[in-house]
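Each of the two complexes below includes chain A, the first together with chain B, the second together with chain C.
Then we have the complex of A and B:
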């Protein structure tokens, strides 16, 4: 099951209600959180995909279970506007020939709909509490969607004594390799 | 750059016309477009306080009533309320109202009354402009 911060029940509703309800629900949410929209309207997948890209949210994907479509949307596609501060950066090309752990710090739902095979998922918000799952002796390559959240994660790791940390740039939206899905 | 305005002309007064108008209008408003609908001639039915509850299907298409129910489509009064809640602006055509002897009080609350120029002014840089 994919983790979402909020759930919206739009089951049984016909067009345009799933989109209208989604718009209303997302207004009250904070940037970056994941909304799950449950719908039975078969057109809702195409509609929500188009709607999200038109108003600036990130449509992650849809899972079908029986008659119900579970859509996942991340509010706002703009990443936090920070000056990237972490200096040790690496590209996907350079990464190919190296050993170590790829750490994916996007939200669980983003990871579920497409990540690099073998990457470990720890969302940025959980990194502090789950840091003990990581090995200080191992090289860690931190990746997110655009390189901003991974920049913050890399700084956090460095502040906590991890010395072999790299921020992977540009991030998953620049990744052309194989994608693993997992739900 | 796509326009952020959608202009709709509602000139017909049947149930199918109403769904076309309000589905597109609410979908556009939910997509953060600025939406205005100009209701003229039979189109005024769609926002008439009593009329909007009794919109008719085209002759010979009455059997679709079951389909509407099965698809669980919102009712027209529900869509009208939803559209207004989302900020869709309704403009009733003054000239048609005069011809038909209607006043602002015959229509749902929150409408504006205007002439064609009011709408044209809005529609001049709207894309798309749709007519139903």
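Then we have the complex of A and C:
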């Protein structure tokens, strides 16, 4: 099952209600959190996708189970342009010939709908508590969607004694290679 | 202001009677681009409903006040919401009952001609999908060609005319819409015919529709004779009715010709298509009135709502019948083919009886234009 921070039950509702309810629900949420929308209206997939991109949310994907569609949306996709602080950066091209661990710090739902094969998932918010899962002697390439969260994650790791850490830029939205899905 | 509910039949009358209408289509942009309600004098504005959730003020200046405005969506719900919002702003607005789903399903029966001894030939125009079906009625008997899946429309129409359905034909195994042929036959006890070369994979019983097959409808023996004309599919068969009408199926349309790639490779059937269009049809009388199984654009409708043209005129005007060079013809019908119709592979499976989707799924599969032609 894909992890979401909030769930909205729009099952049995016909268009336009799934989008109307989603709009209302997402208003109360914080930036970056994942909303799961459960719907049975088949048209809700195309509509939520188009609606999300028109208002600046990030539509992640949909899982179908029986008659129910589980849509995943991350609130707010236009991340502010922050000055990236972590200096050791690496591109996907350079990454190809290197050994080490790709650490994906996006939310679990983002990871589920498409990540680089073999990448390990630890969302930024869980990194501090799960740091012990990582090997300080291994090269770690931190990736997120745009390079902002991975920048923060790389700093956090460096502050905790990880020396071989890189921030992968531009991030998954610049990745043209194969992606793996994992529900 | 109150919101009005329009039926698909009412919109169909506007199309056929060449009236003006302003359509506010609140579906997704790509859905609108792919397929919409076409009318000679219709104007359009496409704004997805989810961009109007906070209000319709912004689009008010773009809506006319001197024309009827019809709000359309996929099913109905969003168009009701938007029409109500318009009404609150003091605008007259109507919505289409059942949305594009009901538009895709609506059949308008139009009389093509009177035949001998009170006989009649009807064309069932499915405006939303461009499908054309036919019914020959003569002295208490009826024959149907290329029926779409709304079987009740045909059965009830025959009943109203006091005719018993005796023969039901499909000119070929359709790939763009679901056939109602064998279901009508099962319900009424009629004989169902299908070209055997298109039927190699079907899982139901049928009577072989072969070249030269001839049936008579009614006591005055209106003639329905089959002519093998492959090219769109390997089994495609035309009909000559009463020595006056040529039902071409998906081989020849008013402004285009059939595409040869929907059931296999274009290269395999392009030769058959050429032979049919440039030899077999050339041997027929130019006075025959061509009645195809589809129209592509609304301009193909005649003033009375029928889609029909003399064969001789098509020989002069239809580009697909006027490509002298064989190689150029081959290129025209194999390169630059339009996108294939939505779900065409699954629709073929339904028409073979291999899968039986429920009604909602069938509606979903048939959404969109028919795209059976190449120009």
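Basically, the second predicted complex is superposed on the first by the 181 of 183 C-alpha atoms of A that agree within 3 Å, B and C clash if a C-alpha of one lies under 4 Å from a C-alpha of the other, contacts with A are read in each partner's own complex, and residues count from 1 in each chain.
By definition in this document, contacts are C-beta pairs under 8 Å (C-beta built on N, C-alpha and C of every residue); 3 or more make two chains touch, one makes a residue touch a chain.
In this text the structure is predicted, and so the values were computed from the model without any measurement.
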Three-chain arrangement built on chain A, chain B and chain C clash or fit: clash
Which superposed partner A:51 touches (first chain B, second chain C, both, neither): both
Which superposed partner A:12 touches (first chain B, second chain C, both, neither): first
Touching partner for A:42 - first (chain B), second (chain C), both, neither: second
Contacts of A:1 with chain B and chain C, given as first, second, both or neither: neither
Partner chain in contact with A:85 - chain B first, chain C second, else both or neither: neither
Touched partner set for A:68, first chain B, second chain C, both or neither: neither
Partner chain in contact with A:20 - chain B first, chain C second, else both or neither: both
Where chain A meets both chain C and chain B, residue numbers: 14-17, 19-20, 23, 47, 51, 54
Chain A-facing residues of chain C, complex: 28-31, 48-51, 53, 73-75, 77-78, 81, 364
For the chain A and chain C complex, residues of the former touching the latter: 14-17, 19-20, 23, 42-43, 46-47, 50-51, 54
Chain A contact footprint on chain B (complex, rising order): 23, 26-27, 30-32, 71-74, 82, 86
Residues on chain A engaged by chain B in the complex (per definition of touch): 12-17, 19-20, 22-23, 47, 51, 54-55
